[in-house]
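Shared between the two complexes below is chain A, which has chain B as its partner in the first and chain C in the second.
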Partner chain A sequence: MSHHASPAMKLLAAPFLLMLAALVVWPLATVLIDSFSKGGVWSLGNYAEILTSAYYGQSFVNSLLISAVTTAIGVLFGFLIAVSLRYRSGGTRRIAMALANIGANLAGVPLAMALIFLLGLNGTLTIVLKASGLIGSFNVYSLTGLIIAYCYFQIALAVLLIIPVLDGIETELEEAASLIGVGTTRFWLRVGLPVVGRQMVAITTLLFANAMGTYATTLALTGTSVNVITIRISELVSGDVFSDPNLANAIAIALFLVLLVPIVVSQLLLKGDKR
Partner chain B sequence: MTTTRHPALTTTLWFAAILLLLPVLATFLNSIATGWTGGILPSGLSLDAYQTILLDARFQSALLRSTIVAGLALFLACLLIVPAVIAAHFYWPTLDTWMARLVILPYAVPTIILMVGYLRVFSAPPLQLGGQPIVLVLTYVPLCFPMFYINVKNSLQALDTTELFEAGRLLGISDARLLRRVILPSIFPGIALAIVLNFAGLMSEFVYARMLVGGQFETLQMYMFAQRDLSGRLSSVIVTVYFLITLLITFAAFRLVWRTETKS
Partner chain C sequence: MTYLDLSAIGLRYGDNVILDGIDLSVEQGEMHVLLGPSGCGKTTLLRSIAGLVQPDRGAIHLAGRAIEMLHPKDRGIGMVFQHYALFPNMTVRQNLAFGLEQRRLVRKVIDEKIDAVLEIVSLQNKADARPRQLSGGQKQRVALARALVLEPSLLLLDEPLSALDAQIRKRLRDELKRIQRRTGLTSILVTHDQDEALSLGDRISVMNNGRITQTASGPEIFYRPADLFVAKFIGNANILTAAEFSRLIGRDFDQTAIIHPHVFKIGKASEGSNLFEVAATVVETVAAGNVVRYVMQANGIMFNVEAQSAMNEECLAAGTGTTLSINPSNGHFLKEN
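Right, the complex of A and B next:
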């Protein structure tokens, strides 16, 4: 845009910047500052406790494990679904986008409840699978249950994010490849995937962050029984016997760093892409 | 499209669709079954449980609370975010670049992290509002930012405004007047889409509702959480009704997109 810079017009953004300062920067700053406070004095004690405690270490390991597995599944299926939708009519694509949007919004309490109806002790699918002798028993209130639950919104989110990225690959390119005898699978492995590689890395980091920060689905499905990072944070601030808000601050900062590093790296990669 | 359909891809699509719809189907089946004979087929079907839930005052109040909180937050978000995106687009490229980066904020800073900070911020002056519903209205505003930025920015980019501003200057019409009379009406579909999509997102918010305000102001999500151990039939009705609400909102959003697409 090449308009004459008009300083008065910049004032239109002032209320927004104030809001950002009050509702994003300020709370984040308090989390950071309070994370260095233990028993009323400045110290690295909270961080030392996270690093030495097997309990909090395990919560990070569990969160990382669930997030890595469901991100891989999400990206793989999201990519396959997005590729399949390229060969479909606009109507089918629109319905699929709407379904993926609904899937992403159902994450949380309703998703956990729906999965219990499907895979719980008396779940519809549990009964079918048991009757057919395929499984002896299945416990949905477990780490496996959480992985299945996360997969639902991870795949939905992946589809929503990948479809626009694939639109960047011209159909002419694919048709040309098809004319010289390059099959669909080879085209996507050799041409399609490398073209959108950096964007796929960025999407992967977002999916990973999405899983790491998941709380509602986890709490509604497994309560506090599976030791993951978000459940630990919420317990430390909820004001009962486990309460230690400053330790929660330190864990929140640790989580923030785990998410920030891959996101920043992938965004820098994307920037290099545009040049 | 002339490219041949790959059979494996078709299978993937069907497999995914069935897998993703299974929990919804199981929930719906539970909500209309009057009892089970031990197998997978119910002994009878009825919609009675729907009447029970839809007429339940607690459900109605929760739905109303969520709608009001989301509505107020969206009103505030419109007032704060839309002018800023417009100002950044036309007059402040540096801010625009930063806004584009901020779109990933909800991923980089999950609500669970901000929630810990909000507990502190809202527990002392000048924002000593701890536990009051207004806290939800305020904390929901930043959550609306990415959808507003993406959709308003898309609408702005679709306009050819350089000539418009030059013509305006020749005729002595101020930028402010042009923004209000020409730009704002033409980006309205983008704003409307952002509102609808954000509304669905805010209705599904749980972390702030539970940790910052809690059960004394029961939102729809908190109501569902409290009722999850209810008889399978009633809680499955609640999930089905919630699913239908989300379906309705999404359908409205996609109609908006479709209408603007066919117009242009």
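Right, the complex of A and C next:
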């Protein structure tokens, strides 16, 4: 059989390509084109404003900070949990997978409410911790609060993604290692992690993008009080006072470029490591 | 002197009895084969010796030391797995060095040991290759080298040849035997392949339903199976019930007869001997290289006969009548239950 599909076969891809054009290319092109329009004239003004404004600069820094921290925490704990679940029976694994599934999808208002009940100014946990003298005061409506909230779904998502990746490492490898005197920690550092390195980089990139794009949870928990990028975009699009959709378009493009960096870097890293 | 001694090893998962009180002694330097159908418990027994499975009861002594409670790494046992289990991110040399580094040896000593072992398995020129660049046979030789380089007191081989294709399997089988002889390493090999068992094992233990049915040398197992299970599992002997055998030789007989196809001789018995003579008809003829396999029928009993072929000799065609002679002392007989 030929590797080149006949013209008729290529036509079968048309609906998919059409959908891709309608749902990805067209909106992206509109956003890109509009981002160069300021006050009705073509200019780089929107980009100049993003680059010079300390306010928008800070929103990028905050988003990057929250994303980097929660991605690191998510990957670390996700990996440890996935490794320990390897040694558990099917029942425990299924329960853990179900919980992770709920966690990964419970973002937005429900997550924010749950955190407010627990860690809000009069939250159960806040009161208990205050009463026990462990903390003086705690404000969940802050950058720290956002990091805690993001971790909730970042760790859960990492567990969901890492478990099947680790299934690719045969238990025989671990047994072979234990018989030649290599302990569990050393096995995972020298064999386990390197073997799944590519997938781990991909998962890290995905978690990072997931955090950068988080909006509902942020809005529900801290409203507009913490300066992150997605809140700024939404404010410019739907705000009554500061509405400037084209500036929002430019920020969205900038966000897209920022997300492109880890993707390109990870691809380059993996290219050098072709096994 | 017994080098490895298993006594009363038992293991059950729920109601499933996996190992049912296994006793086994293996001599130093012996290549011992555990042979049996899948699910008979042979791999579980091997894994119990390695410490990868913890039996419910029983004791394991290796070189006079009780090891059943030890961690796998402290048992001094090397193991080769069916699917190689090489570390895919490491070169051959790194695979071999991994265990040695754990022992905090000097780099120079590690390199010397690795070179020596690579020479034994004839892979000196593959030291820097990665597992995915090797053929199945080469991978398994690396796995063997990885076990050998740590100089274990016992080598366990879990179906080491069954993932390989026929040609390589035969070559590696001979090489395995040579290496085992050369190193004098006490080894236990698990297989479901009777040819492999017969050609590799100094002694063979045939297993069925979590028990060892018979432990003996290859020829002993082949010619004198302890029971019907062993007789059916090993070789392709004719197994004739007492009634069938009585009909065949035309004389009353009260034991099950196990008669290998090559034990039947085509032609009349010499004058005055006490051999049985049977008039038989050829039903089917298969000429397979140096042997000719016949299905014959005599007195309503069907059985297999095997004869050497010769270059200038015609084999018997189907439908031909012939006389067979049987020497009863070349058959093996089991009491009927």
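As a convention for this text, the second predicted complex is superposed on the first by the 247 of 275 C-alpha atoms of A that agree within 3 Å, B and C clash if a C-alpha of one lies under 4 Å from a C-alpha of the other, contacts with A are read in each partner's own complex, and residues count from 1 in each chain.
We adopt the following convention: a residue touches a chain if its C-beta (ideal position, glycine included) is under 8 Å from a C-beta of that chain, and two chains touch if they have at least 3 such contacts.
Keep in mind it's a predicted model, so treat the numbers as computed, not measured.
If you count the residues of chain A touched by chain B and by chain C, you find the higher number for B.
Within the superposed three-chain model, A:98 lies in touch with chain B and out of touch with chain C [touch as defined at top]. Legend: residue contacts after superposition of the two complexes on their common chain; A:170 is shown touching chain C, with no touch to chain B. Contacts of A:178 after superposition on the shared chain: both chain B and chain C are touched. Contact with neither chain B nor chain C is seen for A:55 once the two complexes are overlaid on the shared chain.
Of the two partner chains, chain C is the only one that A:190 touches; chain B does not reach it. Residues 175, 178 of chain A contact both chain B in one complex and chain C in the other. Listing the residues of chain A that touch chain C in their complex gives 170, 172-173, 175-182, 186, 190-191, 194-195, 275. Those residues of chain C lying in contact with chain A across their complex are 50, 52, 71-73, 77-79, 81, 83, 85-90, 98-99, 102-103, 130, 132, 143, 146-147, 150. On the chain B side of its complex with chain A, the touching residues are 1-6, 9-10, 12-13, 16-17, 20, 22-27, 29-30, 39-40, 79-81, 83-84, 86-93, 95, 101, 104-105, 107-121, 127, 138-139, 141-142, 161-162, 165, 175-176, 197, 200-201, 203-204, 206-207, 211, 221, 224-225, 228, 232, 235-236, 238-239, 242-243, 246-247, 250-251, 253-254, 258.
Residues of chain A that touch chain B in their complex: 1-3, 5-6, 9-13, 15-17, 19-20, 22-24, 26-31, 34, 77, 80-81, 83-88, 94, 97-99, 101-103, 105-118, 122-125, 127-128, 131, 152, 155-156, 171, 174-175, 178, 184-185, 205-206, 209-210, 212-216, 219-220, 230, 233-234, 237-238, 245, 248-249, 252, 255-256, 259-260, 263, 267.
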